[in-house]
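Quick notes on the structure that follows.
By written order: A, B, C and D. Residues from 1 in each chain.
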């Protein structure tokens, strides 16, 4: 990996989850210790200390981490197998590669690009793909490649095939930054990496299309946005982050949409940051966020 | 009326709504002026200056208000009829009479009683009715009459009849403070006064029973509460006030319920206060809140 | 004025304030009515109905507004003089001209430029002035002229003179978007238009320099930002808008600064929008925000 | 201890802090493991992995905890001494004993009594002490002893002596629930247990008396409340919890006080809960809150 986050060199992030049982924390921290790791942060959650699920995220510092990663991984395998635990070890200095899919709206897209430029999102952005061209120039100003993939009519097969071709092998996760096309099940099967979406309502309220119009019709006093992993069930994937904004009777659906844009960009950015920092563990239809 | 809010003596609240048109604001403020009223506050909203609906709330001070109320009302009728406006004039020093219906939970009920004792709710409370007896002593400590109306089994006819008998002629509005019985359409037809409910979710998410359990199952990151007028469609009435609280993966349905109780009592109290102060205008399935 | 906000053509905004007294609302609304104006929105506030100060903002629609503005103004003068009221009438379709002064930080600056491009700030932006050059290219991407005014050493006289020369006659208000230079009293005397600042703390906490460092040292659990009009007393001007964000023990001063940047840009943007829409009335060291 | 929290029987809470160093987490979790403890929750924070301060809170379950506490404590001493760590082990089923000092205001006091009755505060309340008598009946309704300690004139020596006499040996911490008397340094020296206060402003804004009046004079757009440990420097103690509420130009100092009361009771209750659950570690003038 050519791009490295210098501040995080020699920092490893270990995610462990599985059936909770006595001694597992000691086993993990002991392993870190015997490999000369110094624990920088540690979060854990157990859904039930007796018979529940156990989740842990440990960040540790270890000089010459790269050299000893294989050794640590082999020890993790040996140590955690008896506990039936799943684990994942990553070098925190290696940023994840994030593709962004967008349409005409620029608020979520530009927020991500700008936060990335400020050094607040530990990712690289190999590409932005849009079914429109209006954001091309803005994207390229940030030094990020832009690809236009035309998508018209009900049959998205060709467009999706082209997108998959662009993504293949190049990205670690995909963000739908107000991408206004339904993603097919086939696409999800083939893409092979997590896909994060921003839905412009406080799910499960106003599932589906036109949530701001529905919110105006219902006369709600708060609107919201929800960032979630995309699954085959539309708007039903595991929720990462939600937030709301206060609205009142004087606001039209267009006003709600304008106000909501600020909630959307904040919620999506935070969800992307947490995912990029390995803070989100998916568990069934839930997320554990450390 | 024997109870009066001394600070609001000689204060009138005028609510006007109807089709928006040029000159109506001048007509109203002119009327107030020619009756020697001094406008204390004025709020208005027009859904569309051309052909929309117009809503206004004016509070004005007038010495010897009681003596001239009939005269002002007669002038209002004459002045506003040509505009096709509906209006309502009330003496702000005369508190509305509020009945509270409760079940075993005390958090919303006690909050209302305590805020009333602090002088923050401009109402009188002629009675609390519950289908349980556990809150009786607390209610009476506040100097408020408590009535137990037993309600068991699917047939609520007898219980509702008894409640209607207690309410008849004695109250100006009814608050369901976590009253855990479905209100029948027949009850709503007969009660003849507005009924305000607190629903323990951020409507329209989690309509119906057990919203906290459903919220835990869905893995939401915020929970909410909604206060609304009760209509024949369950949980579909005009929303007065909503709010939310942040939750996380570690919280069980019971934890959500405990956290949510604080949102519920705040949301319901504020909705009740606004209603009592004539700040809420119902318009179809919406509310205008001034 | 060559630039016009088409949606607001024929909309006038009238601000009135002075000693509260009976009949003044009727006098104003009557005046609007006799000039064939249709009131779109009306907000008012009285610090005390008896002997207090009265503030009103009325937006009304009138066909061919431009043609009749002089006539309305002359009537306002005649009508309001007896009440001792100050007033200001403006054509809402004529956007105010806003200059932005910035330094190296781009978060407030870019947010303003971007919201303007989205059509959410009813202003024109004739220039951005900075004592650094790093933001020049970004600013020009938005089609806005950028001027670099070097400012080094304790004597700011030359720099301020050059800035005043650029501003003279060209702007209706000035925004300090994290401009890291102390503004002299002499500059304020000469600039002749309102100046809006964003202070990176919840005033009056942490007045002066380095508020995030002070906040970290004090161990606060919330940080904030404050947008205010600039007066000769540093950080003591009338507050327009404030907001906060939650922080915790694990955050360093640098973390607070990064988190705070998001509060700053939101608070400043909202204050600028309200000022541009004539929603803010200064009254001594206070603001009335409609 | 006669009162026990049954849900927390056999749960221990271990707090450790000291100079951060490699291996300390493993040493602690290993110790818990070799005493057959199952870790229920674990939080930690290091101010700097290299040469900083380390803080940890571990809750573990162990059958027959009471029987083996001395053994675990002795092992902790032996294990942690080489690391220079301070530690504290407590039986979570043994609630802390909390005294409340109040004056005429009842909002914070009643909120604590009511949350305690709901089972949300893991404490016992052996006494409420007030320099007024108006809340006596309410307090006793909750089954809590009430003591009136008269305090008049500038010399508080006699009153403080009487309060110290009542507290001596009977309480584990003291809460000032809007107790409107200055606590002397001598009292703090003698009381020997932590004292938690609620200050009715967003500290460090509006230190000292009459914060709501000062807030109204300054024209702030948010008001706040701060709960902190009491130290000899007035309003300068370590902050546990802060929150704010939105206010506007129309609100008088009395309105701010009424609105602020709701922030105060929420902030103080949460701070008390966290203290009671051993979630707050004091470190110089800061708190770490897990």
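Keep in mind that, in the parts below, a residue touches a chain if its C-beta (ideal position, glycine included) is under 8 Å from a C-beta of that chain, and two chains touch if they have at least 3 such contacts.
All values derive from a computational prediction rather than experimental measurement.
*Asks:* Return the chain whose centre of C-alpha atoms lies at maximal distance from the corresponding centre of subunit B.
*Replies:* A
*Asks:* To lay subunit A over its twin subunit D by CA atoms, how big a turn is needed, in degrees to the nearest 5?
*Replies:* Subunit A sits rotated relative to subunit D by 180 degrees.
*Asks:* Give, as an integer number of Å, the spacing between the C-alpha centres of subunit C and subunit A.
*Replies:* So the centre of subunit A lies 37 Å away from the centre of subunit C.
*Asks:* Distance-wise, how many Å sit between the C-alpha centres of subunit C and subunit D, to the nearest whole number?
*Replies:* So the centre of subunit C lies 42 Å away from the centre of subunit D.
*Asks:* If a residue has to touch 2 or more other chains to count, which residues of subunit B qualify?
*Replies:* Each of 45 in subunit B touches at least two other chains.
*Asks:* Applying the document's contact rule, which stretches of subunit B touch subunit A when the two form their complex?
*Replies:* Subunit B reaches subunit A through residues 45, 202-206, 218-222, 224, 238-244, 248-250, 285-289.
*Asks:* Which positions of subunit B touch subunit D when the two form their complex?
*Replies:* Per the stated touch rule, the residues are 107, 110, 114, 118, 120, 138, 141, 258, 262, 266.
*Asks:* Any idea which subunit C residues touch subunit B in the complex?
*Replies:* 20-23, 25-26, 29-30, 32-33, 36-46, 49-50, 61
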